[in-house]
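Notes follow once the structure below has been shown.
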Amino acid sequence: MYVPRERLIELRRAFHQHPEPAWREFWTTAKVVSELRDIGVDELHIGREALSDERLAVPDEEELASWRERAREAGADPDLLEELADGWTGCVAAIDCGEGPTVGLRVDIDGLPREESTADDHIPAREGFRSETGAMHACGHDAHMTFGLGVAEAITETDFSGTLKLFFQPAEEVIGGGKPMAESGHLDDVDYLFAVHVGLDYPTGEVVAGIDDFLAITQFYTTFEGHPGHAGARPEEGRNAVQAMATAVQNLYGIERHSEGESRVNAGHVGGGTATNIIPEEAFIHGEVRGETTDVRDYTFERAEQVFEGAAVSHDCTVDIEIEGDAPSAESDAELVELVTDAARGHPDVERATRRGEIGGSEDATFLMQRVQDTGGLATYACIGTDHPGGHHTATFDVDEASLSLGVDVLADAIAATAETMP
Amino acid sequence: MYVPRERLIELRRAFHQHPEPAWREFWTTAKVVSELRDIGVDELHIGREALSDERLAVPDEEELASWRERAREAGADPDLLEELADGWTGCVAAIDCGEGPTVGLRVDIDGLPREESTADDHIPAREGFRSETGAMHACGHDAHMTFGLGVAEAITETDFSGTLKLFFQPAEEVIGGGKPMAESGHLDDVDYLFAVHVGLDYPTGEVVAGIDDFLAITQFYTTFEGHPGHAGARPEEGRNAVQAMATAVQNLYGIERHSEGESRVNAGHVGGGTATNIIPEEAFIHGEVRGETTDVRDYTFERAEQVFEGAAVSHDCTVDIEIEGDAPSAESDAELVELVTDAARGHPDVERATRRGEIGGSEDATFLMQRVQDTGGLATYACIGTDHPGGHHTATFDVDEASLSLGVDVLADAIAATAETMP
Amino acid sequence: MYVPRERLIELRRAFHQHPEPAWREFWTTAKVVSELRDIGVDELHIGREALSDERLAVPDEEELASWRERAREAGADPDLLEELADGWTGCVAAIDCGEGPTVGLRVDIDGLPREESTADDHIPAREGFRSETGAMHACGHDAHMTFGLGVAEAITETDFSGTLKLFFQPAEEVIGGGKPMAESGHLDDVDYLFAVHVGLDYPTGEVVAGIDDFLAITQFYTTFEGHPGHAGARPEEGRNAVQAMATAVQNLYGIERHSEGESRVNAGHVGGGTATNIIPEEAFIHGEVRGETTDVRDYTFERAEQVFEGAAVSHDCTVDIEIEGDAPSAESDAELVELVTDAARGHPDVERATRRGEIGGSEDATFLMQRVQDTGGLATYACIGTDHPGGHHTATFDVDEASLSLGVDVLADAIAATAETMP
Amino acid sequence: MYVPRERLIELRRAFHQHPEPAWREFWTTAKVVSELRDIGVDELHIGREALSDERLAVPDEEELASWRERAREAGADPDLLEELADGWTGCVAAIDCGEGPTVGLRVDIDGLPREESTADDHIPAREGFRSETGAMHACGHDAHMTFGLGVAEAITETDFSGTLKLFFQPAEEVIGGGKPMAESGHLDDVDYLFAVHVGLDYPTGEVVAGIDDFLAITQFYTTFEGHPGHAGARPEEGRNAVQAMATAVQNLYGIERHSEGESRVNAGHVGGGTATNIIPEEAFIHGEVRGETTDVRDYTFERAEQVFEGAAVSHDCTVDIEIEGDAPSAESDAELVELVTDAARGHPDVERATRRGEIGGSEDATFLMQRVQDTGGLATYACIGTDHPGGHHTATFDVDEASLSLGVDVLADAIAATAETMP
């Protein structure tokens, strides 16, 4: 065990108690930066220096200012908060361990906008580290950051030779931070990238070395605008945005399947109109399309755009399609999968190490993986199993803290092994 | 009684036995012309001379040639048939009865493409004058032509002073002949126009002097063209014309009601695709829209066009919208309604004379009525009630022949009264 | 002029400044009751005594309590507020003027849940009597109550002999108060009922004696419940309530037109789902259907119910259809139309008195009219024209106060005339 | 080469010239039986003896009688035709070659209902063996029968020891014959089953030893019945079957994707209604659903049934869902794949032998494969590549006759190898 268990639990609980949603990770980034400085790193790029301009789904200024103020009240360093202004959160750090490959570890840092359980059998509530912000770390990103900081401490105790880069990525949950971090330039010299997730229905003691079924995704916010009219007195004056929306929903789900891979569509949140007696003037569809390959996703989204345009034409409305976020598909490279499998099998607490596993969803870590693969490197996305009472994104999600040091050890060993075993 | 009952029955049965659908009224026109020549008229305009170029829904050459040949075999004058080539059927005649107004009487002459009943209690079958052509006079146009010829014979026995014009209009059932006859020029000097229909659920002995609820109508034939694809192997190659059609049907019926009057839409006949395993490449909607006013109809049809275009855009198909026929709405003028009411009340066999009545449908006589009204004249559309066992357009429709001479008398008297009583 | 203009303006402005939406008319009812007591009435039935149990669209307790508290803070009599608990608002008063018929006057009292304009050219804003509650009298019910109180004061100055009953009806805007007031028993001895509205696009100086085109209406709140599922990982576990809703919207607007009269449908407010990546579990349609006759409305609503059920079956969801409010169609009786016309023509400020007019909408006054007509009485719905800068229900709606005394006078004279001129 | 090339070409051209669609393979079966008798087989089960009662998609008597008469005119043995009455076509033969396993070879025998090309560069047209029946062997079943008869001749020249069973299956194109042949009992003692297809976009010289991606399929014929109504006069009397159909089409394509495998839906042929002015009384959808697994197909079809029922409820119509044909998915067994691969690699004309390949579609050979696998046997579905100018099912499809003897040789060798190499 490279890092004392208590140290990791302390870190994880601190993060758990102060979750912040996408682009609002002010306290969180300040905490990460402070810890990294204590550990001692050779390079540290914060906020705007860790991201390109391609941020997606950034909230408005008022929302940002409110969370930044809360971070200040919670004790975050005001000077550092200044650097993070306008939601430029997250950071990239580098630790120089001698000659050798540049190896990246990517973890995400944002919480979810949901209330955490107050139930007695929910450990964070019982043990006093339940969320204080109204948001919740319901997807385990508190554990991910703990992995990141733990590996930073552990790496010097391994026989790793090379440079370790740590990517603390903001805004994963809105598929907003992966792209700007991928395009920041910091990935361009990375030879091997490890991304990590906790849980995913794998129990404590299981490690999955490579996730492979990432669906490429595009999230959109489509609005239809028509013209109001009194439903009783002058229906013909109305141009019905709700009819346009309903037509679009019907045809969106009716987009052809693609023979080159799975596709998904979802009109996850819709609405329109104001009153029973007014022909609805406005309506929206907040949704997403996914594809087993990026091409299948692109095809499906292009068809979705035609569906939206046609629905607007049919009802004499205008339409606006805003892309909120997207992420490509990706595959884990076999060489790194072997390294993680070996590292896991060498750990006394690992009961089961699986080469390939499933997530059945999307992740913007794929932007970083793709960037590394495009520049000749290798990447994998590993999963450290953990017993979690509630499902991901539910109010009773929790991480089994026994998996924290297991995760740090396996990741550190796999990273260390790159220098030895890779060509 | 101006014309012997037997004469009218003989005429009606001759027409009944040789029904011809729209633009195929070769034998019928030849018969009408022959009778008019026997009666003696002062002007006779046949086929192309009785119509403008604006014919709608004309069948193809092969179909026309086949019916013309049948007319020849049934004994129609070959020289006359020559004049009717290419489906230029129908005629306009004028009888000069001295100084006075020009008064028109419009009757329609086409049959319907349906089999006539062979039941024993169906009088035409029992009495041996059932259709010999496969088509059927299932809407009483055989009676209408009898009214027209009967009035031509009767008018000189009344004290009418003026010019009587008789309009034998083809292709009413496809809303195809009204417009070209209205635009032929022959209506332009008509002061008073009477159009007539038999039946319409009014019994023998009842006369309705003015029908008022004509719905303006547009009939369309819309086709969607996409691209085929194997439904199992390559669905994404398909552009689904049936989905476009279904989307259009859904939204067609969903067009807003109009506050200025009733509207109607109907996708009366639709189809698409060829095989279960091929993404459908083609689909069609054969339908109609109607409106209580011509404006309401126009509004509804414009919205229908948007619906079709949007459905095509949504499914990446092309669309073609062909207008097959249309007719405006119309109202009967009060002055002529009074004349018909008076004529009816003066007839011994009329039990009930009603000023205003309903048809609940569309008619292209409205083109002729509107033409006369637009040039300062008056028009009415009268109904001569008749007991009919089956409904209009059904296999057992039949006209009570007792209404034939009643109709001729009332129409002749109303026409005669124009000269006396109108300003 | 029976009542000083200033008195009427003062009343109207007081009401205008404290608008309360349906079933929340606590301050308003207290004010009306207080004024009626000052005027002196012979009977006064408040809240629960003025209504049957058939109240529709009553808000929840918390909402009611909040508005009641505001009424208390605004100075309403606490004892009276106690009587109005649970949203039992409105009242019925009777004034005994001797032998003669019982004549009713119905006015409505609720405001609308919308913000009032703050523009300088909006008189209530400029003159300082803009709404203080966040709601708005944007349909003129402040003028209606002024008519009611004004007539109560005026009636004794006319030569009316009989009993005057005043119906201050709550919750018109949600079609919720008409039915329970109609079934309260207080209408059962009314011989002649006058209902009144201000404006409706008729200018100051015009009076319409009888509105005739009330569309029968049913408002509904339909909810679909399916089952959530992760849109990427397990779409087949979802049962998509938004698809059910979209299907229902498409088919709702596609319900057949009816040959016996106009119909209307509107899905005025819809929504569903929560997040882009979750198959939506819940969706709703808040809408209405209308018909030119009650039968046409009933037909259309029955078809709507089938549409909702079918949409749920198609998507394996459950459906719940809640009727929020409804009102029948109604016609104004010719005898009362004459009385109002005569009264209007006898008033010096009336420039134009019209017998029949249009509203192009729905009103639950029709419940009261129908009740009186069903028990052998007569009813009319009159309109007192007023110049209004913005349309009804808009932020800049306002009443021309010149029409207040005109309205009181005409109504009082028409009521007085019942005793003299009716059989 | 076990069988002279000319012999195989002669057989194939004979079949090609007399294609017969599903269940109408009278001449074809007679020809196969006659050839088998000439070759000499030990068992021969014809028509009703080769099939269970579970035939699907059998045409009506008139259609069957017409094709049987044509077969008689084309020289088929009248006695044999008697045995095939009512469309009991196809046969099963067995050849006893001593001790050893029972090995099956399945080929299908029906043509497609489409016109064959007359183009000069279409070899069957140029060489004079174009279809004489109006139907066409556009999917290579003429080559399949040639493989079957060729292997029957060849097998005695190999060192095969065991029993060879030949399955000449009718009605593959309508997914109608696989199930009854699978349930005939003749498969129950088969240890190893080979099914074979020609072409599938693999060129001459390529052999694919095992097809694996059969999609399970269900074909359906759904009809909606409503009630007619005059679109102008009485729309409310109509119950619109076309609206029900359109609703069903929209929602059919909108059925959720399934996370356990690909699915497909197609409304391949639809129609409804008769005339523009009649509310459509009847409509149909002729379509199919497929799934990567039989479970996914079942799920999708169950959802389709709900979609149909809901569409009927929404439009107050009745619905009838008829399953026309179905077939499960299937996988080729690795052991037989090896045998075919080895046999192919041992053949001088084979340029490329592939273990696994794709068809991207459905086949009812899967019924026979599943039957054998369910009773403990093994099965594979091999493809003998052939250059084909037009795609399968098109008018210019043709088989490169060079692949005929290659196919016979590889199949015979693979069959012979079963006795030697299998446990």
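We just call them A, B, C and D in the order they show up, numbering each chain from 1.
Here is the rule we use: a residue touches a chain if its C-beta (ideal position, glycine included) is under 8 Å from a C-beta of that chain, and two chains touch if they have at least 3 such contacts.
In this text, all values refer to a predicted model and were calculated from it rather than measured experimentally.
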Touching chain A and chain D alike: which chains? B, C
Tell me which chain's centre, taken as the mean of its C-alpha atoms, is farthest from chain B. A
Where the centres are mean C-alpha positions, what is the separation of chain A from chain C, in Å? 52
Roughly how many whole angstrom separate the Cα centroids of chain C and chain D? 68
Note the residues in chain C that touch 2 or more other chains, in rising order. 233-235, 240, 243, 247, 250-251, 253-254, 256-257, 259, 264, 279, 360
For the complex, give me every residue of chain A touching chain C. 215, 217, 219, 230-235, 240, 242-243, 245-247, 249-250, 253, 264, 266-280, 283, 286-288, 290, 359-362
Can you list the residues on chain C that touch chain D in the complex? 229, 233-236, 238, 240, 243, 247-248, 250-251, 254, 256-260, 279, 299, 303, 306-307, 309-316
If you look only at chain D, which of its residues touch chain A in the complex? 250-251, 253-257, 259, 262-264, 360
